[in-house]
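Chain naming follows the written order as A, B, C and D, and within any one chain the residues start at number 1.
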């Protein structure tokens, strides 16, 4: 049953369109519908994982290039599982949150469709398929970004589109050049270039740079990052999705694919592609953290934080050794979980009190203790304080940097961790320890649909930190195959 | 098995206590207080019961999978000292807190974090793996932060951010060291490390420097001590006591582990630690002398005492085969300092509890008639200045002996200087404590006669009494702890067992001389230069306020400059892509908006005819036809697409193509 | 020069083409433009026919009892006939358009039309 | 089955003859029905012809059974057959659409004339594609020009007349050049049949090179005018923007294409690659094509009227076609032809959809189309599909042609031009997406708009849907189409 690989991709499309067309009499029914869609999708994934790996399906094969080809491998499984699990939480959260924003029908249609597209990215078997879903992702998330449809939202949405399409164009450019060399774009461990491509190093370097920057646009690599903070105008579940799960991580995932499945680490080493990229990556890390310090809006601060954290993951990718890639992939997961929690918390604050700025949330820890606790734990984790999960990934990243004999990388990591502390701790301190007299002591923790995902995710944050071995061993297997 | 469970339980019990206490505390404060005392007491009991076992062999425990590499715990005699004193002090402080905190808010939070800090501190001392150690170290930093800023006023928050900044920064430096260590050694297990790093060469100095910096911030090594004088006065007294008595020791513990366990008492490292020790000792003492806030004096005193311990650590490395004495001195001082410093803080705390004031200018004469308080405080004083018969004397004497041994061994001029600094610092200790004692407990101030008595409850005095007894007991029987310390020194590779002979004539003489010198300093310097009489009141001055402040004058400016410079750069980069687009857009716009002057003479005859006035005619001649480039372009384009010009274009294109084709035609090769 | 002189048909055609083109370019009057266009067309026809003409040969018309030894290439002539038809129809169409333009704008001077459109 | 060989000629004759019987009819409905029926029959015949070619391969059809040098022959290969099907199908659908729109745009007494012109136009376009005779092609070209002018001017507004006049003058200049080119070629080869001319040219072995050069230039410029090669496109925006909706669709989708095919035939069939390859003409075409891609797109961004914008987009898209020709390799040529197909389908869709929008909102300005997505969601949806294809989103044909063009470019080693292609498609995003975004989204854009208030009746949208379906099919079956084109080229 190779066709079953299509289920998790197509199912959300159907459900999304169905959900848009059906007119639910009661909200409850719609919610059930949504829940069942995402849960069933997760089940599909579990189902196909339980079948023998690797699963291959040429959906439409027109020629070596125009080939819609799906393939199940461990990396894809990792990403798919991450996304679909987090999607369930996001669904629960946004059902409660979107009451507040309106136009839910449109929202949820695109929301569910985006899940399918992200699954498509996860299971793409070649660059072309990946590219198609990558473009679709832009299109499907665009209505989500501009959901509020205010002028600012439209402006940000346009920015998002321009950047994304610009990036995709670069990818296309790289893809064309690459295809002219290899005549093959399938993902294969250790790359498809082999010994053939090495004759033309400069061209290969150019292709790699172009593709890296192209996909890097979605992964918010500096200087192509400014869509990300701008996209903050979106409703919080969307920001969480954009930042933590779907969009940026798709960019990262694609970069892993390009680096290790198309080029292969040996080739990149040979062409010195990683050297140039790592400069950009370092700037990304530092810039994100420095500028986060200047943001007063919580979500914006988190957005810049995302930039720097994505830089970590990118660093893990470009260092080209096992440890760093382990760190990178682990941070992919960890950052996803942490950032989604942080965003959910920020969203809850906004949802309950309409407060967005940091100086407005004084002593909010009194009113929203659970939310703020979860926020604090995730924030501490993001800084990389043991025993939370981000520490583990940063550990591997630093070791990866060291085994390249470059002390600069761990130093950058730590500097950025310090800055992370500098921009996250004030939020916590303000929320808990800045007392405002005569505060009302109402409990403002958000409704259960929103609170439960936050709490569970926080537990995951801590548990992943305490017992990383489950995920770690899986990632090690992946990495072992591809580096 | 039972021992392992016990080992785990002393790690877990406080954490359970934290959670349970929080839950209970929402219902009833009294039960919570009792519960907390019970938990700490139980932990203390377990630890004490483990003593026998530990003396025979270390207890080890390994739980796999936690944090990826597993949780590896070990309790040997060396660690036992730290663990026991920690829990002991905690137990007393918990008891003390129940009294002290009565009028504070957020008590529930305080107790939770108090217990969590205990859990993590114990964890630090038990960790057998650098990574576990680091983990607990970081947790401790965060939980103790909440203890420091408990007051939540501006001062506390500032102190808190100072502390947190230092803690996180230092933690990261430490982490960097660990990265390198792991990269070179491939393991972080403390027992395996010495073998693993034997041949890594000089990089080990970098590694140790990083790790020691990390731990040094907690141990308040100069110049990383800046958080200390701020945090102590800000925190509630039990917290300050803990900070001073125990948390500094976590740093010390880390340094001992690094220098002696991991790096095997490397000579260079030990020497540098020694130097830092002396700087700390002297600088701390001197700064303490200047201060007016009791808690700040005590904080600087802790810094100075940490210097003593560091000196001891350094000497262990320098003395090589004769290191036993230095080890005894170090461990003993760690133990003693914890006890008497906590005692002193508790005393200060009681004053604060009553008056909410800590400046000796204001509380001057408060303790004149508070006999019990006075006695207890005095015991602490005697202990810290090293008065024979009190525990401080024991360790200081041992330390001094170790120092003389080293001087004897190396015959260097430096050790003469060291000796002078040592004596001077000890004298400083005497002087600043006298400063507190005399102004608070000796001088008269009618303002405070016979009131406030009811505040001092037994629950607060009881822990102090216990500590006082401990001070005297150890002072009188210096060998009381010797079994433990001998055992502990095995960890350092010392196996000969010798008993201590602290009370010799020489040592007492030295001690007395030091005290006398201290009194001289007090009279000759403190009372003469620091005490000014303003409006008939005696006020102590603090000249150090005008001195260079490391934090204010060095750290902050450097950080601020770095920060603003990099922020500017990054802001620029941040906007680069967007701005360049805007810039190009603007450029095009301004280019298209460029005004082009067309000085056309319009030969409009009709108008000329009508013009009669000459002036008018002149005006008319000066009409300058200006239009913007964009208008011209639009017009041009409009013309281009008109039929006229279309034909022109056609002709031009045809001509160009013809020329190009004919000229560039390549003969077939 | 000599080539120009010997191929006088072609030369004439080119000169005519130039005249027509310049008319088309420089005259504002639509009618004159159309005339210019016609001259250009004619020049091309001339050129084409000249290409088919061979000196001293007859037209390929078969008459009773007249034997033709060599004849002029008839195809260009035939093509030019078609071309003339096309040119005539275009001219007719252009002229009718000119009438419409005159009705709409009241003038057939191109620059005036331009001005009127511009306003 | 041999009767299928006659179909090309039958189609052309039927279209011409039926056209002239239209003025006889009185009822407008009958005329429309008649136009539609004839065009659908042509479609069916073209389809049969295509199937015939597919099974039996290409064939030469001698009109009137005269052999090549004397009679006119039709050369029907894959490309011609595909073009036949394409033109007739698109024309049928546009006629279908025009049933509902044309009444509002032109006077009733002109309707018979309009359908007459369309039939003639399509017939002549097909003739131009089918014929193997150079002069025959010229005649068809002139007929199509006149008919094309006719369907612009039929609206009889000021703009139309001036636009038509410009178009007419420029294309007659172009025709003059083409005729001149023929005049240059004929004396040195003695033939008008393309294959025979090619043989003669090869037999010349390098003699008369200058004449060949000049004739190549005259052909390029002459045909370039007709198919809006940059910078000879100046007539196009006016003409396409002012014409009635269905005329714009036909003009942009169909009328631009046969001259390009003729140009390809002249370059590659008449002269042959061996000769053309040594001329600089291909580079000229390549450069003009790529400048056209960029400038056309930029000009489109600057437009304020939506129809003009799409017209400029046509300039850019024709730039792609010329780009493909100019590359001078097989893949480039294939993709030029493929892009002709995809552009024909896509651009006619876009014009029809935009025409509907203009009709409903009553304004041509882009800024008045904000919020149209709420009022006409389906229509704008179709527009979005077309826009996506133009931008080059995978699956849609626009992507396929850009991708392969890029590959072809790399084959020739000119990496910079790949950047040109991508830049131009990025610019495409710049003018298509704002319309879509402002149409569907934006609080203030949607304010006061009533949902589905201006929605088109479904029967009017069916032809548009079919066109979109065709567009998607073109994308999905692109490989088959490309394969067929490749076979056709050999």
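Everything that follows uses one rule, which is that contacts are C-beta pairs under 8 Å (C-beta built on N, C-alpha and C of every residue); 3 or more make two chains touch, one makes a residue touch a chain.
Bear in mind the structure is a predicted one, so any value in this text is a computation, not a measurement.
Colleague: Write out the two chains that share the greatest number of C-beta pairs in contact.
Modeller: Highest contact count belongs to chains A-B.
Colleague: Chain A to chain B: how many Å between their CA centres?
Modeller: Centre-to-centre distance between chain A and chain B: 35 Å.
Colleague: Between chain C and chain D, what distance separates the C-alpha centroids? Give it in angstrom.
Modeller: Here the centre of chain D sits 29 Å away from the centre of chain C.
Colleague: Centre to centre, by mean C-alpha position, how many angstrom separate chain B and chain C?
Modeller: 98
Colleague: What is the distance in Å between the mean C-alpha positions of chain B and chain D?
Modeller: Measuring from centre to centre gives 76 Å for this pair.
Colleague: Touching at least two other chains at once: which residues of chain B meet that condition?
Modeller: Expected reply: 642-643, 647.
Colleague: What positions in chain A touch 2 or more of the other chains?
Modeller: Residues: none.
Colleague: Residues of chain D touching 2+ other chains?
Modeller: 162, 165, 169, 173
Colleague: Could you run through all the chain pairs that touch each other?
Modeller: Here the touching chain pairs work out to A-B, A-D, B-C, B-D, C-D.
Colleague: Using the touch definition from the top, list the residues of chain D that touch chain A in their complex.
Modeller: Residues of chain D touching chain A: 391-395, 400, 403, 406-407, 410-411, 415, 418-419, 422, 425-426, 429, 433-434, 437, 440-444, 446, 476, 478-479.
Colleague: Show me the residue ranges of chain B that touch chain C in the complex, using the header's touch definition.
Modeller: 638-639, 642-644, 647-648, 651
Colleague: Note which residues of chain A are touching chain D in the complex, please.
Modeller: Per the touch definition, chain A meets chain D at residues 60, 62-63, 65-66, 128, 131-132, 135, 139, 143, 146, 148-151, 154, 157-158, 161-162, 165-166, 169-170, 172-173, 176-177, 179-180.
Colleague: Show which residues of chain C lie in contact with chain B when the two form their complex.
Modeller: Residue positions touching the partner: 21, 24-25, 28, 33, 110-111, 114, 118.
Colleague: Within the complex, which stretch of chain B touches chain A?
Modeller: 65-68, 131, 134-135, 138-139, 142, 149, 152, 157, 160-161, 164-165, 168-169, 171-173, 175-176, 179-180, 182-183, 563, 566-567, 570-571, 573-578
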